Amino acid sequence: MSYVIANQLTRHYDLSDPWIIRQINRRPKNILTAVNHVSFSIEKGEAYALVGESGSGKSTIAKMVSGLLKPSAGSIHIDGHDLNGPILDGKATHNMRQRIQMVFQSPYASLNPRWKIGNIILEPIKSFRLIADEKQQHKRVAELLDQVGLSERDVSKYPHEFSGGQRQRISIARALASQPEIIICDEPTSALDVSVQAQVLNLLKDLQKEFSLTYLFISHDLAVISTMANKIGVLKDGKLVEEADSAELFANPKHEYTKMLLSAAPNIGVYVHSERKS
Amino acid sequence: MTNPLLEIDQLSVSLQKRKQTLKAVDNLSLKIYSGEILGLVGESGAGKSMTGSAILGLIDPPLFISSGKIIFEGERIDQNTKNIRGSKISMIFQDPLVSLNPLRRIGDQLVETIITHFDVSKTQAFERAKSLLEEVGIDPSRINAYPHTFSGGMRQRVVIALALAPEPALIIADEPTTALDVSVQAQILDLLKKLAKERGTAIILITHDMGVIAETTDRVAVLYSGRLAEIGKTVDVLKDPKHPYTKGLVASTPRIDANSLLEKLFQIPGAMPDLDNIPEGCPFHPRCDFADAQCRKEQPPLFQNRSACWLSKD
Amino acid sequence: MNRFMQSDFFYHFRNTPVAMISFAVFTCIILAAVFANIIAPYNPFDPASLNLMNGFTPPMQANDFTGEVFLMGTDDQGRDLFSTILYGLRISLFVGVMAVALAMVLGVLLGLIAGFLGGWFDVLIMRFADIQMTFPSILVAMLIYGVAKGVLPPDLRYEMSITVLIISIGLSEWVPFARTVRGSTLVEKEKEYIIAAKMIGLNKWQIMIRHILPNVLSPVLVIATITFALAIIAEATLSFLGVGVPTTKPSLGTLIRIGQDFLFSGEWWILLFPAITLLALALSINLFGDWLRDTLNPKLK
């Protein structure tokens, strides 16, 4: 059985005017369907990407998979457990939270500006009670910082003392602190410069190998997805219009929308072809 | 070789911070010709937006032009840009939401611009506005609509129409497509290419996206720490970059390719220095694999009109 | 400390005369009040030391009967005005600080709840705030004061005077805190670090106190400074109107009231000196608060 199963995920938003205004203006209800019966599955250790433009529903799906948002219909199963099932009590939900973490788009808004980064990374360890001993906790934080390419001396610094790329690394360290199995990456490099983006993407690749992580990658950038994901789902207006292994998708796109996206994406590949670099 | 439309000659833009004077743009020289699209590419803080602002005369204290000249159509404009800005040189910014007045119909905004720059009647201006809308791909019957009724991409087209209204010789476009969806982005870039070709308008396209550069520009200037690293025809610079920074940038840009999943992206170590931390000599040397003693001591000039690197000397 | 001395904030401070002067003035006044028992030549609250014959002595002139000289003269009961002002400042400042503290704690808490939890909490708290703001705060303070005095048993009224005063002024000033904090909370709660906190499994209260609160406090400092000045003036007003501190322990407001009665009969000093002190205190706090708000405004950086 696949590790992550999204089944007929649907999410409606009620944008209607209040009842009385509707009666006066004789207007019908205004329901926005952000996600419309989307189903996909991710195998353990895989990197699955959801690509789409604004309004495609990809961020909403990310929120539902992470458990932050309840679907209006459909379900999410992680390793066989229904994320929104009634059986789950507080403790089980807490544990489920530990298995899924997220890395966000904005390096500026994803870290609490008033907290030292050592404490930011320590917080999930404390919250999930992973390590009890204080000394061991500090050791673990130092270890995590090292894994993302930062140093132990950085624990007492504040987020504003770091660059955008470094802040994303801190976010990744925080995500890793829970010892998750799945990391949802929501446009993690869209706000970064090209050279920094390369560093962060390479880091994510290394971490996936080292910790056997499963990634759900959300992006609008096909070039970035090409580097990161082995399977891609294309979203348009809340519907999954095509899904394929990445090589297959780029070589033989089937849906009109996919073809349009591929041709529209600004691609340095018009001049530069990748050479096999080892 | 025709005369350049705009020439930037050893321009420096500085920032006075307490007791230090920092350089946001350092000794930059560039030429732009009519009908071409010149890309100004660099990472955040490289000085590309600052250069655009300097051309438009939008440098405000604590920033100031500390040296150099900007020459447009043979005349010096860096000291008095008010007459040129908005008429012969116009601009397009990143966010169409704030570039348009939400309280005014787009037709009114267009007509006002036309009347300001040309001695025509309101009716004539109206007709011109309609033809402008058609040129940028908007249905002219929507001339009386308000900006909020348009999508992001359409709004950016309106902004382009507004930029075209004074019949400028040069348009400075600062990240015009960064906030737009991919499909819309392609349409806007095609529109810019069409305008350069059909009207002969020169366009300076400021961006951080190498893919956009590849698809849209004729020539490209690569900026690093406020200085020009490399300049040349886009096809040359991207296929055969001479400056190590350009090489690194090109190699680290992700591309859509069946093979790219298996490889790691090339990464340039370190990061571009802050304004108050620019090293001596070539600003890129701490991150450069090929740096030698000369690179650490002396700033390289532009060799062969192509690359500011001591290794390009021959 | 060294880092502070080199910071941009301190640099602006050193370069703005208004900031330095106003800071110096109110620091002097506060220190004078704190060390009143050392500086003041007399203790005006000790009825035994008073000599009615000393009453109405002009400043720096020997009294006709006792020959004593007083720096700022005496009031109608023979109290040395200088000492009384110093001790009165203590009461004014104490009431001011405590009232602001109450307003701040209440306002920040309600603002956080309204902003973060939203829904009915938001509606109730904000509409109540709107209603309260339609009344001048002095009126609200008097209302609460009157109700409290009516509720308390008569023997406690005297002792609880100051507490009631603090509560009534504090409760009348919570709204600006709440509104500002609510606004900042609404902005912060959309940010991704809050989502990250949810993903770590923190509950609503933990998120509110640990994560949102530190980030919404900076405007609170400025509001607190300005509210402090307002609270001092409110206390003076209430005392002036006769509903504040008891007359045996006069505050600045009481002195002004007393002085007002005697202004046109020639004993001008009883009104002038307390009034100038009150003016200096309120003005310096306001000016400093204004400067603080402008300097800390991130948009101006």
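Note that the chains take the letters A, B and C in the order they are written out, and that residue 1 is the start of every chain.
Please note the rule applied: contacts are C-beta pairs under 8 Å (C-beta built on N, C-alpha and C of every residue); 3 or more make two chains touch, one makes a residue touch a chain.
Everything quoted here is computed from the prediction, not taken from an experiment.
Each chain's centre was taken as the mean of its CA atoms, and the one lying most distant from chain A is C.
Contact counts per chain pair peak at A-B. Centre-to-centre spacing of chain A and chain B amounts to 32 Å, using the average Cα coordinate of each chain. Averaging Cα coordinates per chain places chain A and chain C 50 Å apart. Distance between chain B and chain C, defined via averaged C-alpha coordinates, is recorded as 54 Å. In chain B, there is no position where the chain touches two or more neighbouring chains simultaneously. Against chain A, in their complex, chain C makes its touches with residues 191-193, 195-202, 211, 214-215. Within the complex formed with chain C, the residues of chain A that make contact are 66-68, 93-94, 97-98, 100-102, 104-106, 109-115, 123-124, 127-128, 171, 174, 178. Contact residues of chain B toward chain A in the complex are 43-44, 152, 181-183, 185-187, 189, 208-216, 234-235, 238-239, 248-250, 252-261, 263-268, 271-272. Against chain B, the residues of chain A that register as touching in their complex are 53-54, 163-165, 193-199, 201-202, 205, 220-224, 226-230, 246-247, 250-251, 260-274, 276-277.
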